[in-house]
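Each structure below appears as C-alpha cells.
Okay, so chain A shows up in both of these, paired with chain B first and chain C after.
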Partner chain A sequence: MALKKLDKDTIIAMVLVSPSILAVLIFVYGFIAWSVRVSLSNWIGLLPDYEFIGLGNYLGLLKDPRFHIDVRNTLVFTILFVGGCLFLGVGLAILLDQGLRGESFFRSLFLFPMAISFIVTGVVWRWLMNPAMGSRMSGLNLLFDSLGLDFLVNKWHTTPNWGIAAIAIPAIWQMSGYTMALYLGGLRAIPESLREAARVDGASEIYIYRRIVLPLLWPVTLSAMIILGHISLKVFDLIIAVAGKQVALDVPSVYMWTTTFDGQFYGRGASIGILLLLSVAVLVIPYLYQTLREESTT
Partner chain B sequence: MRARVADAPRRPPTRAWLYILLLIMSIFYLLPMYVMLVTGFKSFDEVSLKTMWNLPSGLALDNFVAAYNQLAPHLWNSLRLVIPTAAISAMLGSINGFVLTRWRFPGADIVFPLLLFGMFIPYQSILIPLVQFMRTTGLYGSIPGLALTHIIYGIPITTLTFRSYYITVPKEMVEAARIDGAGLLETYYHIFLPVSAPAFVVVLIWQFTAAWNDFLFAVVLTSPENWPITVALNNLAGSQIIAWNVQMAASLVAAIPTLIIYIFLGRYFLRGLMSGALKG
Partner chain C sequence: MKKTHYLPVLLLIVFALFLAACGGSTTDQPAATTAPETAVETAPTEAPADAPADMPAEGGKMVEVFSWWTGGGEAAGLEAMIKVFQEKYPDIEFVNAAVAGGAGTNARAVLATRLQAGDAPDSWQGHAGQELIGTYVAAGQLEPLNFLYEQNGWLDVMPATLIPLISQDGNIYSVPVNIHRANVLWANPTVLADNGLEMPTTLDEWFAAMDTLQANGMDAPLAMGEQWTAMHLFETIMLASLGPDGYNAMWDGSGDWTSAEFTQALDNYAKALTYTNSDASALSWQDAGQLVIDGDAAFNVMGDWQEGFFRELGKAPNVDYVWAPVPGTAGNFQFLSDSFVLPVGAPHREEAIAWLTVAGSLEGQDAFNPVKGSIPARSDGDRALYGEYLQSAMDDWASNTVVGSLTHGVVANDSWKSEIDTALGLYLAGGDVATLQSALATAAGASNQQALDSAPAEGAMADVSGPVEVFSWWTGGGEAAGLEAMIQVFAEKYPNVEFQNAAVAGGAGTNARAVLATRLQAGDAPDSWQGHAGQELIGTYVAAGQLEPLNFLYEENKWLDVMPATLIPLISQDGNIYSVPVNIHRANVLWANPTVLADNGIEMPTTLDEWFAAMDTLQANGMDAPLAMGEQWTAMHLFETVLLASLGPDGYNALWDGSGDWGSAEVTQALDNYAKALTYTNSDASALSWQDAGQIVLDGDAAFNVMGDWQEGFFRELGSVPQEGYSWAPVPGTAGNFQFLSDSFVLPMGAPHRDAAIAWLTVAGSLEGQDAFNPVKGSIPARSDGDRALYGEYLQSAMDDWASDTVVGSLTHGVVANDSWKSEIDTALGLYLAGGDVAGFQTALVDACAASGPCQ
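Take a look at the complex of A and B:
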C-alpha cells in the first residue's frame, strides 16, 4: 500500500518536473553542443552549412586584429569595472554601517540603478558623456567647465585607445550599489562583540576596519569579484547604447552579434560565443563547486 | 544603531564629514535621473544642450508626449511579453522547486550544478541554435517566441529561488501531512503553496525586470513591429531625427515600470538579486 502510494507520487513528480529539466538540457546544454558544432564549420550566409573544418574559426580569431582589440578592451573594462565596484561598494557599505541618519534611504538610492536596463543607462550616459568640444560642449564636460573643473573635461568614450574606460563609468554607476548591498550583508554578519572586544583593547576604528573587518569580508569580495567579473565578460547592451557598433569599443559579445547577424559569418560567430562561454566557465565553475560543497556539508 | 549610541556624542566633526561624503555620493547616483527629469519637463523651445543642467521654467510635457508617441506600441509589446513571462516562470519555478525539495531522485546531484551553471552562461553561446529553432518553429520575430525564451532560460533561477525558500519549510509539517495520507499534490497545495507568497513576489519581480530590461534576446529574436521597449529605445537613441530631449524623456518612460516596482517592492527585489547571485 505504502509502496503503491510512493510510486504514484514519484510518477507525478517526474511528470511535473521533467519538462523543465528537459528544456534546460536541450536549450542550454544541447544548444551549447550545437554551437560547438557550428563553430567547427565554415557556415557563412543564411543557409546552414555544417561542413567540418576543425579549429579553423578559432585559429582565425587568434590572428584577427579585431579580436585582439576585443580581448584588450574586455581586460581594461573588467579591471576598471570590477575594481571600481569593489572600491565604491565597500566604501559605501562601511559608510552606511556607521549608524547615520537616513541609512535605509541612502541604501535604496545607491541601489536603484540596478532596477534600470543597461539600455536606459547607456542612452542617458551617452548624453552625459557627450564628447563635443568648444561651443558645442554639453553634458558632464559642460558641467565641469562651468564649475571651473576644466581639467576634468575629456573625450570620454571617443578617447583614442582608452575609450572603453569611459564605458566602465556607467557600468560602475549601475552595479556599485549592488556590490554595496553584498558588503552590507557581510558587515552585518560580523558579530559586534568582535569589534567591541577590539575597542576595549584600545584599537582605533581605522585599525579595527583594516585588521578585523576587511579580512572577514574577504569571502564577500571573492563572490563579488566573480559575479561582477562574469557580468563584465558578457557586457553588451551598455556598449551598444552608449556608442553603437564601433570597432574601437568592440568586445567579444558585440563582435559575435555583428559578425553573425550582420555579416552572416555563423561559424566565426559561434566560435566567439563558445570562447565567451569558456571564459565565464573558468571564472564561475570553481566558485559554484565551492558553493555547492559548502551547502552539502551544512 | 549600536554605533550611534556609542559614537555620536563623542565625535561630531567626523560624523559631519560622513554626511558630506554621503551627499557627494548621492549626487553621482542622482545625476542621470536629474538630467532625465529636467530635460523631460522642459518645453521644446526651452531645450538646448547649452542649458541642459538648468531647471525647467515650468512643467511642460512636450517631450513626454513625443516620447510616448514614439514608444507606445513598444511599451505595449513589452507588457505583452513581460506579464505572461513572469506568471508562467513563477508557476514553473514553484512546482519545480517544490518537487526538487521533496523528492531525491536518481541524478539529482547532477541536475543542481547543471541548473546553477545555466544561470551564468553567456547567451551568445546558444544564440545561433536558438534562432534556428525559432525559425523552424515559426516563432521567430514574435512576442510568444521571445516570452518562451525568457521562460526557458529563467527556469534555473526561478527553480533554485523557490527551492531555497521551500527548504526552510519545517519537516514536521510535511511529515504530519504524510501521516494524514496527503499525496505529493496535496502536500504542495495545502502546505507549500499557502506559504509561498514571498517567494512568488521575488520571482515575479525578478522575471518581470529581467524580461523588461533584456536587450540581447529581444534584438535578435523580434521583428521591428514586435520590438519591446529596450530595442525601440536603443533604435530611437541611434537615430539622427529624434532630438536628444525626446530621448531623455523616452528613457524615463522606459525605466518607469521597473522603477515603480523597485520603489514599492524594493526589499523583495534585493532578495531576488541576492538569491540569484549568491546562493543560486
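Take a look at the complex of A and C:
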C-alpha cells in the first residue's frame, strides 16, 4: 500500500470528484439526517413543526395495528419472493448449464422480464390474477376453469390474510431471470475439472450438485439474497399497481407514503422511512463490509 | 487503504452535526413558521410550557390585553369593562398590559417590539381605521372579525357607513368600543349673545360671524392650539367644503387632490386660519378650550373630549359652553374610535375572542363609555347613562353619515398622515396654498402608489393585468375540458390577464397536492389552487395560515343569495369562508340496474331495511353479490352514506363537529348496518376500480352500486341511457339530504398576483363561469341559479335536490374531516375490511376522532 502523493494528477482527480461527493453528502446523507430529525418531531400538517418528541413516533408505530400488518406482509413477501427467486433461479441456471441448443435464446427470454418496470408488471398481473368469480371470471382463473383445473381457481390477492403471497408471484416472475443470470455466472466459474474428478470417484450427477456445485455457489446465493432482499423491503410500485392503497395488502413504504402525503403525519412518515432504511442497512452493511474487505485483500 | 473506509463515515458524522446545527436554527428563524406554531399552542392544554410566568396556577385560562389607557377616565372605563368581562368569564384571568405615556406613542413602540419578537398579546387597542389597517393588517398580523360581527349581530347595531371605514377588502379587522366625534364646534354662548350672533351652520355664516367679532374688537375669535389641532381644523373644513362623498373620495384614491374643489377647500382653511390666535402653536387643546370658556375667543374646533375638559372645570352645558357640528358638516359624524383587534396566532385565541365579544357587547360598551366620556359604537346604548352632550352625539351617531377622521388615524395610514402633517406644518410656517396643495397631491400620489403596489384597490378589477397562475389536477377528460371552458370565460372578461394553467397530472390529485405542499413549504405559492371544499382545505391550508378569507367576495358578488345556506358552514372556519366552490358532486347516490330490479319484482328501495330486504331477495334468486363495490376508498364512500342513512343529517354532522359521540349505540347500529351492507358485496371488490363496479351493475351482474354522480358520466360514456340502462335514487335512508363534495379555488395569503387571483375567483363563482365549466365536466354548479337547459336528465334532478335538500359533507372527498383524521379513519376501515370486527372498528374510530379530530 503505497502512500498517495499529492501530485498534480491526484489534485485534479479530487477536484473532479468533489462535486459528486458533495452532492452525495447533501442529497443522501444530509437528507437522511434531516429525515431522522423529522422522525423525532411532532410534525403534523402542512408547515414544519420541529417540536422534539423523542422516540414517540417509533413507539407509536410499535403499537400501530396497521404497522403490524405492514411488518407481517413484508416478512411473508420477502420470504416467498427471495425463496422463489432463488429456487427458480438456480433451477433455470442448472437447466441452461446443460449445454442445450439455443441456450442464449432462453437466457435472454428469462432475463427479459427484468427490463420491465414493476408498474407494468403489476398492471398486467392484476389482469391475469383477476379474482372475479362466476360469469365475470377472467384471466388465469378463466384459463384454469376452462382447462378443468377448478381447484386452482382462487381469489389471488384478495384472499383474506394471505393476499400478499399472490403479489409475490409477479415479483418472482420478474426477478427470477436475473437470479438465474447470477447463478449461471457462478456455475460457469466452477472449473469443469472438479466435476470430472467427482465423476471419476463415482459420484452421481445429483450428488455432484448437492455436495460440490451448490456449496461453491454459496457466495452467489448470498449476493442474490441481499439484492433481492432489499428490493423486497422497499417494494412499493408493484403493490400500488396490483392492489392500490388498501390496508390488507399494506407494506411500510405504502404506509409511509399515505400517512405522509395523504394524512400529513410527516413525523410518522419519516420514522417509517428511517425504519425501512435501518432494515435495509441490516442486510446491506455486512455485505458491503465483506465486499470491501475482499477487494482490499485481493 | 483501510483508512478510506472511515473517511465517509467521519464525513457523515461531521455533516450530520453541521446539519443538526442548521436544523436547530431553522426552527426559530422564519417568521412564517412561528405563527402557526403559536396557533397550534393556542389550546391551553397543549402548551403549558409556553405560557407566561404570570399565568394563573389554576385553570390556566388568561387573556392579555394591551392598551395605553393608564389614567383618568380611560383607565376607569377600562376597569369598568374588565369587571363586565370577569362577570361573564370568571375563569379567565385578565392581564392588563397597559403602557403609559405619549398618548399611545410609547405603547405602540412597545407593541411593535413585541410583535417583531413574536410575542403578541392576545388583543390590543388601536385607532379604528387605516392606522390599524395600514400598519398591522398590511403586515398580516390581524385576523378578520367578520365572524364575530355575524355571530353577535353587530352589523345591525353599528352604523352601516362605519363598517367600510374599519374594513379592508371586505374584512372587518377591529371591534370599536367607543366613538368620539371630531367635527364639533365649541362656542361661548355669552360672547355670541353679546355680539348678537347665532350659532353658524355654514362656512360663510361662520366666517361672517367671525368678521363681526373681529370688527367688535375680538382679534382672534377662533381658538386653536398646537399643530395637530391645526390638522384637526383642516379635516373638518375639508369635510365642510367637499361634503362626505368628496371627502371620502380623497382617501380611497378616487378623488383628485389637484381639483378646483379642493383648492376651494384649502382657501376656506386659509381663511379660517386668519381668525385664529397668533400664539396657537404654544397652546394645548385644553388651553384653546380655556380661551373659549374665558370668553377670550368665541369658537374652538375640537373633538368631543373637549366637553370632558369643560366638565372637569365645573362648567355647565348650554350655560358656559354650547356646541354644534362644525359649520357645513351637519348631518355628518366625523368619528374616531378606539378598538380592539385579534392578532393572527393570538396565544389565547378563545379568550381573546371572549374579550372582543365583551368589548362589542352592549353591556361592555355601556360600562366603559359613560366613565370615559365617549359614546358607544353601538347605536343601542342606554341614553340614561350619558350626559346631555353625549346624548346628542348618540342621536347623531345613529342617524348621521359616518366619515373618518384624518388626525386620529381613521382615513389615512401612518405614513400618509405624517406626510400631510409635514405639508401642513410647512404651510403654517409661512407657505402658500398652491404649494400646500401640490405637496398634499404628491403625498396622496405616493400613498396611493404604495397601496397599489401592496394591495391594489378593488375598484379597478376590469383593468387587472399580468399573469395569474392557477394550480389544479384537471389534466384530462371532462375536467380539463371544463377548465378550458372556464378559462375562456375568464379570458373574455379579463383580456389583460395571462392565465397560467399549472395543472399537475396523476393520482386523482395526490401528486398535485404533494407538489403544492412542496411549493408552499418553499414559499412559492401559486395565485390560486384547486382543493376539495371543506376540511381538506381548512384542516390543511387554513390551519397553516395559508389562506385569505373570502367573505368580501361573497358579499360583493352576492353569492350567499345563490348558494345553499347549509353549504356555507361546511366551507367556513370561525365564520370565515375560505374557498369558492365551482362544481358540486353528490356522493349519496344509489345506482341500480332497472332490468334486474324489474325481473326480480323489486322497487327502488327508500330505507335501509327495504334495501337489505331487496338484496336478500336477489341473493335468494341466485345473485351472490347484489351490491357492487370497488377498492378500499369506495368502501369508505359506502361507509359515509350508510353512516348518514343511519344517523340522519344532524347525527352525522355531530360526529364531525365534535359534538357527537363515536362510541354511542347509534354509531354501533350504523356500523352494524355497514357490516350488513358489506355482506352483499362482491368478494373481489378490492381488485376493482369504481368504474369496474359500475360496469358490473350495467352488465346486470349486480343490482346496486353506491357511488358519486361521476358514475353517471361513466355510464353515458359507455353509451347507456338513463332510466333504461341505469336508474338512480338517493342512497336508501338519505332522501332529502345532499351529501356533497366540491372542487373549489382559494386565495392564498400573499398571492403573487392578488388582484388577478381575485379576478379568477370572481369568474369561478360567477353564473357564466360555472355554467361553462359544469356541463362539460358533468357536475352541477354550486350556484342554485344555473341554466337547467344546459344539463342532462340526471344533473337536472341533482340541481333540484341541491337547491332544496339539506346539504351535508362527504368524508371520502374531504369535506367533513381533515386529511389526518381521514387517513386515520381509512386505516381503521382498512383494518376492519382486512378481517377486523365491528367493536374494534368502532374503538379505532373513537381513537381517530380523539387523535386527529375535534373529540378531546
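Just so it is clear, the second predicted complex is superposed on the first by the 287 of 298 C-alpha atoms of A that agree within 3 Å, B and C clash if a C-alpha of one lies under 4 Å from a C-alpha of the other, contacts with A are read in each partner's own complex, and residues count from 1 in each chain.
Going forward, contacts are C-beta pairs under 8 Å (C-beta built on N, C-alpha and C of every residue); 3 or more make two chains touch, one makes a residue touch a chain.
All figures in this text were calculated on a predicted structure; none of them were measured in a lab.
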| item | value |
| --- | --- |
| Partner chain(s) touched by A:259 [first = chain B, second = chain C, both, neither] | second |
| If touched residues of chain A are counted for chain B and for chain C, the larger one | B |
| Partner chain(s) touched by A:269 [first = chain B, second = chain C, both, neither] | first |
| Contacts of A:50 with chain B and chain C, given as first, second, both or neither | second |
| Partner chain in contact with A:168 - chain B first, chain C second, else both or neither | neither |
| Partner chain(s) touched by A:69 [first = chain B, second = chain C, both, neither] | second |
| Partner chain(s) touched by A:223 [first = chain B, second = chain C, both, neither] | first |
| Partner chain(s) touched by A:108 [first = chain B, second = chain C, both, neither] | first |
| Partner chain in contact with A:208 - chain B first, chain C second, else both or neither | neither |
| Shared chain A surface residues [contacts with chain B and with chain C] | 25, 29-30, 34, 48, 126, 130, 136, 244, 261, 292 |
| Parts of chain A lying in touch with chain B, wherever the complex brings them together | 5, 8-10, 12-14, 16-17, 20-21, 23-25, 27-32, 34-35, 38, 48, 88, 92, 95, 97-100, 106, 108-128, 130, 136, 138-139, 142-143, 146, 173, 177-178, 181-182, 185, 192, 223, 227, 230, 233-234, 236-237, 240-241, 244, 252-253, 256-257, 260-261, 266, 269-270, 272-274, 276-277, 280-281, 284-285, 288-289, 291-292, 295 |
| Of all residues in chain A, those that touch chain C in their complex | 1, 25, 29-30, 33-34, 37, 44-51, 65-66, 69, 126, 129-136, 155-158, 160-161, 243-250, 258-259, 261-265, 292, 296 |
| Of chain B, residues touching chain A in the complex | 1-4, 7-8, 15, 18-19, 21-22, 25-26, 28-32, 35-36, 49-50, 52-53, 92, 95-96, 99-100, 102-103, 105, 111-118, 120-122, 124-130, 132-133, 152-153, 155-156, 159, 183-185, 209, 212-216, 219-220, 230, 233-234, 237-238, 244, 247-248, 250-251, 254-255, 258-259, 261-263, 266, 269-270, 273-274, 277-280 |
| Chain A-facing residues of chain C, complex | 1-2, 5, 11-12, 15-16, 19-20, 23, 26-27, 32-33, 36-37, 40, 510, 513-514, 517, 520-521, 540-541, 543-546, 624, 631-633, 682-687, 696, 699, 701, 819-820, 822-824, 826-827, 829-831, 833-835, 844, 852 |
